[in-house]
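There are two complexes below, and they share chain A, which is joined by chain B in the first and by chain C in the second.
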Partner chain A sequence: MKYKYQSPIKFQYVGKPMNRVDGVEKVTGHAKYVTDMFFPNMLYAAVKRSPIPHGIIKKIDTSKAEALAGVRAIVTGKDVPYRQGIYLVDRPIITPDRVRYVGEPVAAVAADTLEIARRAVELIEVEYEELPTVQDPRESMKGEVLIHPDLANYERLPIYNIEPEKNVFHHHKTRKGDVTKGFEEADVIVEGDYSLPQMYHAPLEPHAAISYWEHDGKLTVWSSAQSPFTLRNLIAYAFKLPRHKVRVIAPYVGGGFGGKAGINMEGIVIALSEKVKGRHIKLVYTREEDISTVVRQGMFAHIKTGVKKDGTIVAMEATLIFDGGAYAEYGTNVVRAAGYTLPGPYYVPNLKTDSYGVYTNHFLGGAFRGFGHGELHWATERNLDEVAQTLGIDPLELRLKNVLKPGLTNSMGQTIHHDTGNVEACLKRAAELIEYDKKSEQPENSRKVRGKGIAGLVKAPAMPTNAGSAVIIKFHEDATVTLQASIQEIGQGFNTAVTQMAADALHISPDKIHFVMPVDTDVNPYEWQTVASRALWTVGNALYRAAEDALNQIKNIASQVLGVAPYNLEVEDDRVYVKYRPEKYILLKDIVMGYTYPDGHSIGGPVIGRGSFTPEMLTNLDLETGQGNAAAEWTFGAQAAEVEIDLDTGELKMLQLVGVFDAGTIINPITAGGQVVGGMIQGMGPALFEGVKYNDKGYPLTVSFTDYKIPTIADIPDEIKYDFVQTFEESSPFGAKGVGEHPMISVPPAIASAIYDALGVNVDELPLTADRILKALEKKKNDN
Partner chain B sequence: MKITFTVNNENVEVDVKPNETLLDVLREKLYLTGAKEGCGNGECGACTVIYNGRPVNSCLVLAPEAEGAVIETVEGLTKGNNLHPIQEAFLETNAFQCGYCTPGFIMSTKAMLEKVPNPTKEVIVERLAGNLCRCTGYTVILDAVKLAAQKMGGAE
Partner chain C sequence: MITFSYDYVKPKTLNEALDALNEDDAYPILGGTDLIVKMRAGRVKPKLVVDLKSIDELFHVDFSKESGLTFGAGLKLNVLIEEFDYVKEYYPTLYQGIRVVGGYQTRNRGTVVGNLCNASPASDTAPALLTYNAELNLISKNGERTVKITEFFTGPGKTVLEKGEIVKSVHIPFEGENIGRYYKVSRIKAVDLSTIGMALTIIDPDGTRDIRVALASVAPTPIRIFKAEEFIKGKELTMKNVEEFAQIIHDSVNPITDARGTAEYRKRMAKILPIKLLREMKMIKEGL
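For the complex of A and B:
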């Protein structure tokens, strides 16, 4: 069979820069976020939180708070004896009996004003019996302190392996080939430990929700949410409500980065609503509360790699131990995704990976841009650098020797195809952009040294095998269109990109298309979630079907009027015409509400296109071997960095950051570029200074932007360069896949690699602080 | 207590509590929700407004301090139906993603350009270092400020 793919879509707008469609609302300050919404007679909520990291609740006394004028409702865990969670149902809405981290909700108040609600919270008295805490997931696995004694009884998806006596909420295993044999064949074995702390999303808009429960049983929730439909599903599940009685409305989101995926704090304000029906209740988290809501998991990794003298990898054995915090919930799948993607974009014939998600008394570790891949690449890319050092091979050459190519299999046993993506091209282009073949120019007469480094990466959407999308296209009287796709505009520019895609799928211009906001689960078609860098791919497929559906309706009506077979008709711009006699046409505006003949009788009717999509040909992974078809499509990439380090202070200055990604067709270079630059700076934060800190008892130390620093405009590198490799992804008619998360992933290893190039030292713990760099230099001096 | 001040060229009188912030008054009493609360602590700049010609974190200004003051918020920038050149510059350079930090950046930019019509990169970085953006990586914001300076008649 001779096979050559051809896209069914002619690209006229796709691929061109188009300014963002949400711009005017955002520069005028008119864009509305949940925090900006007010309702008449609205109540305000505040949350009582645990002051200790681990303990049993002995008693809660709310009587003083109840007596306060203006207090309308108080809830404690006893009022909402429900747990929630997208993958593992381990997280109470408000904990009834046991607290597991500092800041865990134990009660909430709704009152006439925020001030009263906060005062009432202070009046709630809680008695605790303190329990021993556990901070380090490696310690936690000894099972001396059990954080969820009931774990075995929690509901979970069957794709997760729990080990309750070890505090393990998921143990992912990859078993591919024969590692023992592989290591026997190796000429050199290099192993090391790599770690990173928890990290905070830090969206500028904190978590916020408004809830309204009508007396007739209908619940409406406005939430700053990445996942309106999944949120509805989880609310309905926890509160045991039919789905059609729950409505989630999600306006603009002021930054998500994974932290607003799934369900977060909505349950608390809903629980209050249940007690005060008929009134809106608003809950907006303070920055301190927001930091304690969800973070990226910390990780300790051990990687052992066996290679031939020429650099060919023959075996790898890896253990990842994630600090999942007090509840796993969404984080179960982070552990799994990191486990199944390891070793990244390279071919390893013999592979053994154990990825453990472990409970501790830290903030709960959930979804974060990159979803485990920033963590796993930190370990594997660092280890590859150390392999290269041991062999005396250039790190780029080592990578190029081992990249995944068509015909080879990845960690799950999936075969790489010609359209899977080209990591080799990404690495080469990144090397070109940073002029990798030239050593850094060293500043003269200075105690400052410069170096360059490079790293590869890969990530697929981590999603259930049935994570579906749906799109509705409605034509109006003048042949303009409204488009409903329930992806949230969280800043990524989806509204703009999907408008361009719809324009090409419908053969009309983008100014005739309006993307409907906000997402409203009562009105919009279903969408799993705005996560995993999957929207362009899944929605792209659903959109193509919806457009074809609408165009077919138009052609069918036109076929009757013009007496021509539908396949001989074409829609373009404002008309539907006969392909071989273009002068014979009907204007779209005369057909999209149905066609009316001169005598008044009509045929057809309003045109509504409908398209649905679910990922094709996916399977769950075998729980013992991790083999299966869990990933639908992959985005590959490469990143490079140039740094300058002060030998006396260890201070690091970023000279250059480079990113190259193969995300298939780039729909809009402006929004794609925005994702790349923003993502690289978000990846630079945890590389250089970000990390959640606790004292040795488990009390958090980073509770504001003063203690938890994120990059400012003063921190960005002198130069940022990026490019795209565009291997057409054939499982989408647009050839496009995601690039939202990837730019964050391999920034830290690229920087660590540059540090080695400059100084000849390896720093294997994040963040790469001046302190750690100086210590490594010190150690090198002593070793010599 | 009652206070009066000017906001976006209009005189307003509001009933406030002494411990309320200017940001609360603007958002919750006057429904000028362009300024955002990102931290409530002077650490993020999302609440930046112009107070007697200076950019301030309105979350740190107590309502009584606004008595008699001249306040400008992002809502005051559009004249009729026309965007302000700074808004145009942010729009044309796509200098935003989620948009939550954008009103704060725009007001900081306005305050800066009124004093320094043609700022160097160093000046821009210094004046905007108190405004956090988690989305853009800042490069587009630098572009926007330079374009705004040009549009407003600064040299180049």
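For the complex of A and C:
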């Protein structure tokens, strides 16, 4: 069968730069976030937290707090004996009996003012019996200290393997080909250990929620949430409420980066409002509280790669051990996604991966931009560099030799197709942008050296096989349109992109389209979540269907009026016209509320387009082999870096960062560029200095921005360059897929590669601090 | 948010302020960039906060080559380096130290005296002041006294200040033409606390060449390394001598490991930085 794809959409607005539709609202400070919202007689909440990393709660005395004037409600874990969690239900709303990390909520107060609430929290007295702690997930797997003795009894999706006696909340396995045979065929085997610490999302807006429980039983929650519908689902599940009695409203979100996916702190304020019905209660986390709420998991990896002398990879064996912190919940799927994506964008015929998610007494590890891929690529890309060094092959050449191409299979056994994406083109373009073929120009008379490095990447949306989207398009009297899609605007520019896409799908101009904010689960159509770099792709499909539905309704009415078959009609701008006689037309405004004949009788009715989509042809993975069809589409990419290192101090200066991504059709080059630049800077953080630190007893040291450092304008590279390869993704009529997470994924390995180029040393632990760089240099000196 | 109640006064005269500071749990405030942070975290709970910003005497600045530089406690970090050119011209090491305290907004509010009274081992202004032989003029109801900056710090967060006593002004003698560097290693390139900070000042660089060195974040207090200075005094700055000078500095510090760096790295830098700075100042005789 001969097949040649042609998009059903003519692109007029898609692909063009367009200013953000929320730009004016945001730069004038009028955009509303949960923190900006106030209601009459609103109460304020504060949270009492565990000062110790692991212990049994012996006693909670709230009597002094209750006696404080202005206190309206106090809740402890006994009041809300429910657990919550998107994939594994392991996380109490407020822990009733045992604390598992420093900062875990143990009680909460609602009071007339925030000041009273916080004073009341100070008056709550809690007695603990301390338990031994576990810091290192590798130690934790020995099972000497069990963090969740009841793990076996927790509800979970059947796609996860728990190993309760080892503190393992998920063990993902990939078994492809024959690894033993593969290693036998290898000329060279290179193995190494690679690690990184936990990382904080650091959004501008900390977690915030307002809860209002009406006397008639209806619960409304305003939340700074990436996933209003999934949040509603998880609230309803935890509090055992019917879905239609729970309403979640999510205004603008001041940055999420995964930290506001699923459910977070909302349950605490809901528990309070269960006790004070009829009054709004607001809970806004301080920066210090936010830092201890959810983080990216830490990881220890061991990678062993077998190659032929010419650089062809024949086998790989990998163990990833994730520091999942005190609760897994969302993090289960991070462990799985990293497990099934390894070895990244390369073809490895014989592959064995074991990815473990392990409980520790650290902050809980959840979703984070990149969803396990920043972690796995750190290990695999570093290992590939070390393979290249061993073979004496250029690292770029080694990668190009092994990239996934149409006809080859990935780790899950899925076949790569002509429209899957082109990592080879990304690598080549990134090399071009950083002038990889030329060595770095070394500064004269200086004790500083420069180097360049490159790394590849891939990521698919990690989501359930049925993660659906829906879109509603409503026409108004003047043929303007409101568009409802329940993806959250978290800074990524979705509202703008979807407006451009809707304009092309409906053949009308973007200024006639209004994207409805905020997302309100009582009003909006369903959307699984704003995560996984999936919105353009999944909503693109639903949007196309909704637009077709609306256009068909318009054509059906016009067909009756004009006496022409619907297929001979076309909608364009303000009218519907006869294709072969364009001078014959009706204005849309005369038709979108139904058509009224001169004598007054009417046909049709208000036009409302409806479109739904669920990923096509996905399957769960086999629990023993990891084979199956779990990924719907992939975005490939490559990143490059040039650095300058001070030989005396080990201090590193970023000269250049480059990113090239194959995200299919680029809907809006301005907002896509913003995503890419922002992501690369966010990726620099964990590369160079970011990471949660604990002392040896499990107490966090990086508890505020004083010691949790993120990049500032002084740290960004002299030059940031990016480009896009645009392989049309044929599973979407727009050909588009996500690029939100990808820019931060391979920044760390690209920088580490540049350090090697400059100094000839490998640093395999993140972050790449001056201290570690100097140590590696010293080791090299001693080895010589 | 500050969750406890406290009283606040803003006296117009030093006398009134000193009276107020004699009350129980009274704390002085200037920029508040340390005090408010501590109050918000509940680490300090004053009953009375005494705002010194309306006391004219604390805003006096005076410089002459004969008498040196004297500036009042109220002078903001940015005001001192942006409005008084002689700070940059005659005290280059101090200028550089002030420029890397916190972020720009912090320097708009914070003061040198506040930075000293906070007594952080990581103070960015103290090392330079140590190399310039600064003196602090202290005042309380019991009278005034002058304390050398080398004797001011007694431990992390601790100084010789007594109950009701404040630093009224800082005096830095002008000991002649000098060059200097303040080098700060930190995790990020701005708005950070030091992993290690080193001030190196050379008085009369073309003549007697009096080299002074002081460090931050390597000991319980900012410290000056007199032993190293004495060693290098009058010696030629050959690489061998400079290395020995650096070794003495290295051997004189006793850093810890914390969120900002490891003891090992700090110790290593204590030896590397003096060589780096002297090299960059083109003071070393032979070779790179």
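Just so we're on the same page, the second predicted complex is superposed on the first by the 784 of 784 C-alpha atoms of A that agree within 3 Å, B and C clash if a C-alpha of one lies under 4 Å from a C-alpha of the other, contacts with A are read in each partner's own complex, and residues count from 1 in each chain.
The rule we apply is simple: contacts are C-beta pairs under 8 Å (C-beta built on N, C-alpha and C of every residue); 3 or more make two chains touch, one makes a residue touch a chain.
Keep in mind that what you see is a predicted model, and the values were worked out from it rather than measured.
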{"item": "Touched partner set for A:32, first chain B, second chain C, both or neither", "value": "first"}
{"item": "First, second, both or neither for A:589, with chain B first and chain C second", "value": "neither"}
{"item": "Which of chain B and chain C A:428 touches, first, second, both or neither", "value": "neither"}
{"item": "Touched partner set for A:166, first chain B, second chain C, both or neither", "value": "neither"}
{"item": "Contacts of A:175 with chain B and chain C, given as first, second, both or neither", "value": "neither"}
{"item": "First, second, both or neither for A:20, with chain B first and chain C second", "value": "first"}
{"item": "Which superposed partner A:680 touches (first chain B, second chain C, both, neither)", "value": "first"}
{"item": "Touching partner for A:401 - first (chain B), second (chain C), both, neither", "value": "neither"}
{"item": "First, second, both or neither for A:476, with chain B first and chain C second", "value": "neither"}
{"item": "Of chain C and chain B, partner touching more chain A residues", "value": "B"}
{"item": "Overlapping contact positions on chain A, where the chain C interface meets the chain B interface", "value": "115, 286, 706, 710-714"}
{"item": "Interface residues, chain C side, partner chain A - complex", "value": "1, 3-4, 41-42, 185, 187-193, 195, 258-262, 264-265, 268-269, 272-273, 275-276, 279, 288"}
{"item": "Contacting residues of chain B [partner chain A, same complex]", "value": "17, 27-28, 31, 33-41, 43-44, 46, 73-75, 77-78, 83, 87, 90-92, 94, 96-103, 106, 124-126, 128-142"}
{"item": "Chain B-touching residues of chain A, taken from the complex the two chains share", "value": "19-20, 22-33, 35-36, 38, 115, 201-206, 252-257, 284, 286-287, 490-493, 670-671, 674, 677-682, 704-706, 710-714, 716, 720"}
{"item": "Touch list for chain A against partner chain C, complex", "value": "114-115, 118-119, 122, 286, 288, 445, 447, 648-649, 651, 689, 693, 701-702, 706-707, 709-715, 769-771, 774"}
